[in-house]
Amino acid sequence: MSLNPAQPMPDALLLRARAGDRDAFAALVRQHQASVFSIGLRMLNRRDAAEDLAQDVFLQLYRKLDSIETLEHLGFWLRRVAANLAIDWLRRAPHTATQPLDDSVEAAALERDTDPLMTRELARLLGELPPAPRAVMLLRYQEDCDVAEVAAALDMPVNTVKSHIKRSLTALRGRMIGAKLVDCEELP
Amino acid sequence: MNDLEERLRRAPRPEDAEERLRRALRPVDAPEGFTERLMSALQAREPRAVVAVVPTAARPTPRRFWMPAAMAASLLAAVLLGQYNAQLRDEARVARENAAGLAASRELMQALRVTSQKLDIAYQAVTKPPVTGAEENRS
Amino acid sequence: MNARIALCFTALLLAAPAFAEQPRGLLRLPEFPALAEKASESVVVTLDSNLLGIASRFLDASDPEQASAKKLVSSLTGIYVRSYTFDTDFAYPKADVESVRRQLSAPGWSRMVEAHSKKENTDVDVFMLVDNGKAMGLAIIASEPREFTIVNIVGSIDLEQLHEIEGKFGVPELEIESAPKKEEKKSVKKN
């Protein structure tokens, strides 16, 4: 239990934000901005669009704070809204759905990476998936959601989620072999 | 030895594709100043509080006019409430129909995915040349 | 005599539903309730022409995948899928699959593809019902050790559109050019 008023208990932060404390809301934004921004970035393949999306998501959150019950619920809500908003945006502008990833986009992620070539290539391959399976893969592997959570977030049957994951992994493995990133014997 | 081969040579023991994906998809921070810009945008959207001074009536409304006014207000409220309830019922019905339609469209997409997957297997089998000693195809 | 005629007429009327023509291309697919209980995953889809119409209206024409689906189903009158996945090999009785296969020996149905993989113990058969030179029904029976799937599509099928759905609905087409070389290398190593 924290006795330091400068570092309040996580749930207390949510309660304060719900009560109108702007600083508490800003702290919640800082905690979750990377996750929301990254969903936008990898769905839309553009930094500026990802920031717009993230801003929209948090502005919506501010209006809906009263309905957020716990920090866990908050995380689920943010992932759900970010992913579905990104899918909607892509549907309205389908020509951007498979644009190549802006090179500057992954720069920060690559700085501390032990295998930047692999990272860049995987992110690029993921960006070529259609919107729905791309969102499934991001929630599963970026956000570490289990299959049921992904299904709930995207309003999809569990079997569809599993099918997307299976087919996407198969395609990614195939493309990784084709791009000579790995020897196929390395992959199960 | 080129860069790729060097990387593969120095690679640790094989990891599976899922673990590679997780590493490649670690969250990336939003650009610097994101939170500050967001809070400014929030501030700009908040409506200003408007304080209006409403002058009180010089003379109180005669009591004899209150009853009809109250009845009219009740009637109006009842009509509006009835309309509102009907609207809610319509909205609920439309929401149910939409949910059923969306569920049907999801089932349709799932059915087409399964069909596509199985046709893919058949297509691969008839177009891929047979591998000696591994499998046979006949069509 | 009149009573007999009346009786025959009544019998015919009562039997009318049995004589009512089943749409051509529609198979009698059981629900397989026993299998559904044993399966670790199941996909059961039953969309007749009414439901297909409703489903189609809710497809998003701006999504390329859903736009393709909308185009494909516009001339269909039914899509039926029974797909079951199990945790152990061949947990499903072959008799269930055979009962559907028998219907495909009826006039009009012909087998277009019979694919068998000894290595993966997989069989996929694709059947088409052709009526007056037009494809009016499609059936796919796929059996793998831990999964069996039956697909029945009814209606006027555009074979070109059907070919287009391979590789769609989820992922780009697999690139397999480099894979066979690795497989050959594997089989040599095993030998």
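Letters A, B and C mark the chains as written, and numbering starts fresh at 1 in each.
Just so it is clear, a residue touches a chain if its C-beta (ideal position, glycine included) is under 8 Å from a C-beta of that chain, and two chains touch if they have at least 3 such contacts.
Since the structure is predicted, the reported quantities are computational estimates derived from the model, not experimental observations.
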Higher-contact pair (C-beta pairs counted), B-C versus A-C: B-C
Chain at maximum distance from subunit B, centres defined as averaged CA atoms: C
Chain centre separation (subunit A, subunit B; CA means) in Å: 13
Centre distance in Å when subunit B and subunit C are each reduced to the mean of their C-alpha atoms: 32
Centre-to-centre distance between subunit C and subunit A (centres being mean Cα positions), rounded to whole Å: 36
Residue numbers of subunit B (touch at least two other chains): 102, 109-110, 113-114
Contacts with 2+ other chains: residues of subunit C: 43, 65, 170, 176
Overlap residues in subunit A, where contacts from two or more other chains coincide: 159, 163, 167, 180, 183, 185
Subunit C-facing residues of subunit A, complex: 91-92, 94, 97, 128-133, 159, 162-164, 167-168, 170-171, 174-175, 177-178, 180, 183-185
Subunit A contact footprint on subunit B (complex, rising order): 3-4, 7-8, 11, 14-18, 20-31, 34-35, 37-39, 41-42, 45, 102, 106, 109-110, 113-114, 117
Touching residues (chain side subunit A, partner subunit B) in the complex: 22, 25-26, 29-30, 33-38, 41-42, 47, 50-51, 54-55, 58-59, 62, 105-106, 108-109, 113, 115, 117-119, 122-123, 126, 137-138, 141-142, 144, 155-157, 159-160, 163, 167, 169, 172-173, 176, 180-183, 185-188
Residues of subunit B touching subunit C in the complex: 98, 100-102, 104-105, 107-116, 118-126, 128, 131, 133-139
Contacting residues of subunit C [partner subunit A, same complex]: 41-43, 60, 62-65, 170-172, 174-179, 182, 186
